[in-house]
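Multiple structures are listed underneath, in structure tokens.
Same chain, two partners: subunit A is paired with subunit B first, then with subunit C.
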Partner chain A sequence: MTVRGYIRPESLWQIVDVLHGQGVRVVAPTLLDGLCQFGVVTSSKAVVTDYLLPQNTYKEFLFPKEERVLTYIKRPEGGYALTGPEHDFPETVVLGGRPCDAAAIGVSLKAVFGGAKWGHEDPLFMERLEATTVVSISCDRPDLSCFCPTMGLGPDDPTGSDVLITRTEEGQPVFVLEALSPKGEAFARRIGDLVHGDRDDGDLAARRAEAGEAARGRFVRTFDVEGVKDFLDDPANFDDAMYARLGTKCVSCGVCTFECPTCHCFDLKDVGTATQGERIKIWDSCQFPAFTLHASGHQPRPLPWERYRNRFLCKFKIYQDTFEAPGCTGCGRCVRDCPVHVDITTYAMRAGAKQRKLIGIEA
Partner chain B sequence: MMYSTGFQSEERHATLADAVARARAWLEAGEVGMVVGYGAQSPFTDLTMPTFVNDAEELDEELLWNSFCDYNLLGYAEMGPKEQAKGRGGAAIMVKPCELHNLDILLEEGNMSGVTRDNVRPLVMRCAGVYETEGLNAYTRDDAELKVQTKCLDCPEYLAAHGADRVAREKAARTDYQQYTGRLEDDAGVDWATTLNKCLHCYACRNVCPSCYCTEGCPADEAATAHVTNALKLIKGIETSRQVVYNLVRTWHIQARCSECLECERVCPVNIPIMALKAKLGREFAGEGSPGDVIGFLTSVTERIVREGITAGAAPEGDA
Partner chain C sequence: MSGTALQAAVRPGHLYVPKLVRIQKVIRETHDVVTFRMAFVDEADQAAFSYNVGQFGEFSLFGMGESTFNISSSPTWKGYFECCFREVGRVTEALARLKEGDVIGFRGPYGNAYDLERMRGRDLIFAAGGIGFPPIRCLVWQVLAEREKYGAIVVVHGARTAGDLIYQREMEEWARLGDVHVIKTVDPGGEPEGWDGEVGFVPTVVEERVPWVLERRGKGVENAMAFTCGPPIMTKFVIEALIRMGFGLDQIVLTLENKMKCAVGKCGRCNIGGTYVCLEGPIFTADQVAAMHDDA
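Our next item is the complex of A and B:
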């Protein structure tokens, strides 16, 4: 246990005011266009306190929707002059993210952009991650789309967080603060006066563990995740009838990929003329018809269901195989916000061997 | 806009059993090869997911009809021409009465959409309103808090089902309805430059829109909007974004071909008030000096959005 003490419920969001006063950029759940979304806040008054999961993920503060990576200009004497634009990496605290997002960004996206496994590092993402302290708050009321325990995480899982704050349930509720990294320790010192109690308080640790256990018991959605990986590892199942049957429903938009905390695909585009312009890096989605479209005109995944199969494979197989990190952390955004309510867990339920027996696909 | 394609008088099915019986007859007679309907999503929620049935035996088990059938299945109208091309007649599609207008539009533009009276057969369901499904996955749900979509409050079927008193009460109580209708009249409170720049380019609005049936060559496509954005900068000196261009081009393109089924607003992950944008473009175009010059008009709107942000109430410029 790494308990540092507790915060009184009424002073939890005062953290925003304290940090803002110290010149730190704070990203927290706030109301934008009638939706609870992660945004930059400058006061505790702007924070939405009653929320489960903001619509967007805070990946956009580390991996922006669109950013310039270089500008080019043709030199009179021939050739091009390339300049890398100045990027700034402001010190940032993400406050109020959930453990699913923390694991997705701190482990999965870090595995992709850090390049430990495959050797290509994205310095923009890594610099921003370095400047960011992730202060997660454990969930106590998951909804019917949440399934993080199935993915090996949980409503109080510390993976990827620098600080985890958990609300106790029994008796007078308090928010127990755990510092999980040197950045987390620094954060705890920064908000100093808001933290009470003792780091060796065994009672606090026990109440925090109880709260996590109680929250875990509230999850409903689940499937056989090992069975899914076994199913996907067998090449014979690549042409399983379920892909076309379920995938034809997909309308090929990018909502699931853009809201997903582990989706990381981007495109590089040159915008300008032959003499000057810029190269931009923008989010891309495997659900779009132009994704993987070859210069020859060949498209290996021409149909929406083939592209959705790719997404399913990526989440439950390719991500693990390529980056040794989870491709899905069970946040449930793709289930909640699909325009036609396509549900990735219905694929998973059909693919997992145990469920296949249960629903009568296999003996 | 009035259409004379006759779908409005299509028979309404009071129960799912009636619709299933009709669909079965069509399937068995080979008049349709596929039934597009609402089916169960997962064992965990009440939400529905589109389902495609080829086998008459599966109809009873697969199809559903209730107030959680929120989306517009005419986004799958292309199934009709596709089935016809395979020699299997066409497709039967479950539709709500409010969506018949979409079918009229698709038929009117049949030379492009491919829809004919033969290859798309509507299974029109009598409808008592469909729920807003956003947030419906809450762990505990109080059924008393379920609310119908804003479009239902203006629907004659909903009025017939629930009576004028209740509809008037709901309209008075629903701030989202008032905000929606208010914005159609007057978008003074909307900062368009900021609002449109939130667009994620996810294409959900386009892909669920029954009037957006093209499969390629969309003028609102990423590549096309990137070129327009670039051209505006190089030729006109207007620094705008692909997001602004995308929304203006797409909204303009469906301007006269929109049934206001509100699917685009329902699916938008960043809540862009697309219908308010459509109403605004309609108003401003009506006030333009040279209504033939669409490109000039869109350029001037873009310029005003970029330069002034909030442009509502601004006098439309003369010849662009």
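Our next item is the complex of A and C:
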């Protein structure tokens, strides 16, 4: 049993003040550039409390948009002095993330950067993950773009979280706190007084389970996810007409990739002169034409719809095949925020065999 | 300061931090193709370095960035290693201006290697076009280092013009060995006055010349293996020619290249459908390639 007790609604965000007082960096939903985004907060007053999903994901606190991987200085007598990244990895609590982001970052990005299958661990990501405690809050009001249950998760799924906090619905609402890992236990001890009923409590567990069940009933968007994988596994379907039809309007802005919690692509670039500068790891996007453009001029994916096809493949096949982790956790950001309404679930609905029958593509 | 001290500040094993290598020799193969012979600045790095034939690395000029090249030397050569590249973009053009004694960055080796075990006792056909020759050349030298373990050897190297053929001196050296069939060819119109090689595209030359060699060996096509690297259109027609000669797809080996940055399966751009070239390749059999999505 992992239920550690409950938090009263009025004290939920006081967690920020308690942790900040203890010198812990807190990342929570806050208002940045007029949008609800994950950002560093130092006070409960800075938190946006009425939100479904921040515009960004908190992956940028583990896999920064841009970070130095080395510094070089050319030596007058020849050669170079190289220094490594020398980053510090401050103890961080991510508070108020959702289960979709927790699974995406704690399982999928970890599978890529941790190198469990292929080796080559990325210590920059892994050190930050080690220093981070993920305190997620279950969703109770998914919107029309959400589809985490289709991806095998759910609004109250604990995957990737150290702590899960779920708002109960019956009677006086409270937030039930579950500690799911040693880091989660340490977090519960840290916020001590804010947690009540610090013992196994069958009633709390039952109310928390009911709340999750109720939230699960509020999702509408779904598709046949196994059927999608079968469709993508067959190379013959790579030329399916739907790719051009659905993707021609794509403007290759890349917003789907930058907002995606599982997208991991980056560029390595030198910034500086021939004598000194640094090499940086910087977010990149498979939607940009230069991403795969060879120096020879050869371009494997010249058209926007071909690049979006790659994104669809990556989310529902390549991630699983290469990293043995889900490529999509159903957060819906790419559906919600695409400026021209390219919708990855429309692809999925057409690709899944059951839907293909329903909409008459196949008998 | 010694090389050891130069590297000491770098966190050990950091994924994206290269080691420093010094260019010992610059060989200008053609007007736009250059070979570097290199050794690690730190002697301990050099002593610890080993690679298998067919692997690749990330070569960098600080301030310009990294480029992905095959390690074009044979692992049987000790004390140094080589890469060979065409000046075709920003980094390669800057690299080509470097001189002997200059220092660059190297990360690697990465990727899989040719399956030498499977090649033992077989007749080997090598077919390379243009700057696709270095990943074949390293294998030829590896095979020649233990010549007795292999059957007949045919090397076909083609380029657009005679001036674009690389490793010409080495091809002459192989021809002098007496038991290697070395064929150089240029595209029609690329032959100079008095040209002593073939005129024709690599696939055509393979189809004209290889069956005769295999017939004389008398072991049949099923005992042969073919290795090809070059422009996509060339390798496509080489494979078709080999199939017409009776080769099975699993007897044809390709070494692929795609744009790469990290070389360790994280930056996300070298995939062909569901296959990351850096992790699962760069060396594949033609039946593996045939099973991939048509995304190259």
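In this section, the second predicted complex is superposed on the first by the 360 of 363 C-alpha atoms of A that agree within 3 Å, B and C clash if a C-alpha of one lies under 4 Å from a C-alpha of the other, contacts with A are read in each partner's own complex, and residues count from 1 in each chain.
Keep this in mind: contacts are C-beta pairs under 8 Å (C-beta built on N, C-alpha and C of every residue); 3 or more make two chains touch, one makes a residue touch a chain.
Because the structure is predicted, anything quoted here is derived from the model rather than measured.
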Key: subunit A as common anchor, with subunit B and subunit C clashing or fitting   = fit
Request  = Tell me which partner A:His341 touches in the superposition: subunit B (first), subunit C (second), both or neither.
outcome  = first
Task = Based on the superposed arrangement, let me know which partner A:Gly254 touches: subunit B (first), subunit C (second), both, or neither?
result = first
Query = First (subunit B), second (subunit C), both or neither: which does A:Ser296 touch?
reply = second
Query = Touching A:Thr273 in the superposition: subunit B (first), subunit C (second), both, neither?
reply = both
Request  = Look at A:Tyr6 in the shared chain and tell me whether it touches subunit B only, subunit C only, both, or neither; answer first, second, both or neither.
outcome  = neither
Query = Looking at the overlay, does A:Phe175 come into contact with subunit B only (first), subunit C only (second), both, or neither?
reply = neither
Task = Using centres of C-alpha atoms, tell me the angle at subunit A that subunit B and subunit C span after the overlay, to the nearest 10°.
result = 90
Query = Just how close are subunit B and subunit C at their nearest CA atoms in the overlay, in Å?
reply = 10
Message = Per the definitions at the top, what is the overlap between the subunit A residues touching subunit B and those touching subunit C?
response = 269, 272-273
Remark   = Touching subunit C in the complex, subunit A uses residues 69-70, 72, 74-75, 78-86, 112-113, 115, 118-124, 232, 235, 238-239, 263-270, 272-275, 277, 279, 281, 284, 286, 291-296, 298, 300-301, 310, 313-314, 317-318, 321-322
Note = Within the complex, subunit A is touched by subunit C residues 1, 3, 6-7, 9-11, 13-18, 20, 22, 41, 60, 62-67, 88-90, 92, 101-103, 105, 232, 258-259, 261-262, 264-269, 271-274, 276, 279, 291-296
Contacting residues of subunit A [partner subunit B, same complex] = 32-35, 37, 52, 55-56, 65, 141-145, 218, 220-221, 245, 248-249, 251-255, 257-259, 269, 271-273, 282-283, 285, 288-290, 332, 335-337, 339-343, 345-346, 349
Request  = Would you pull the subunit B residues touching subunit A in the complex into a rising list?
outcome  = 41-42, 44-45, 47-52, 71, 75, 133, 137-139, 195, 198, 200-204, 206-208, 216, 221-223, 226, 229-230, 234, 263, 266-267, 269-272
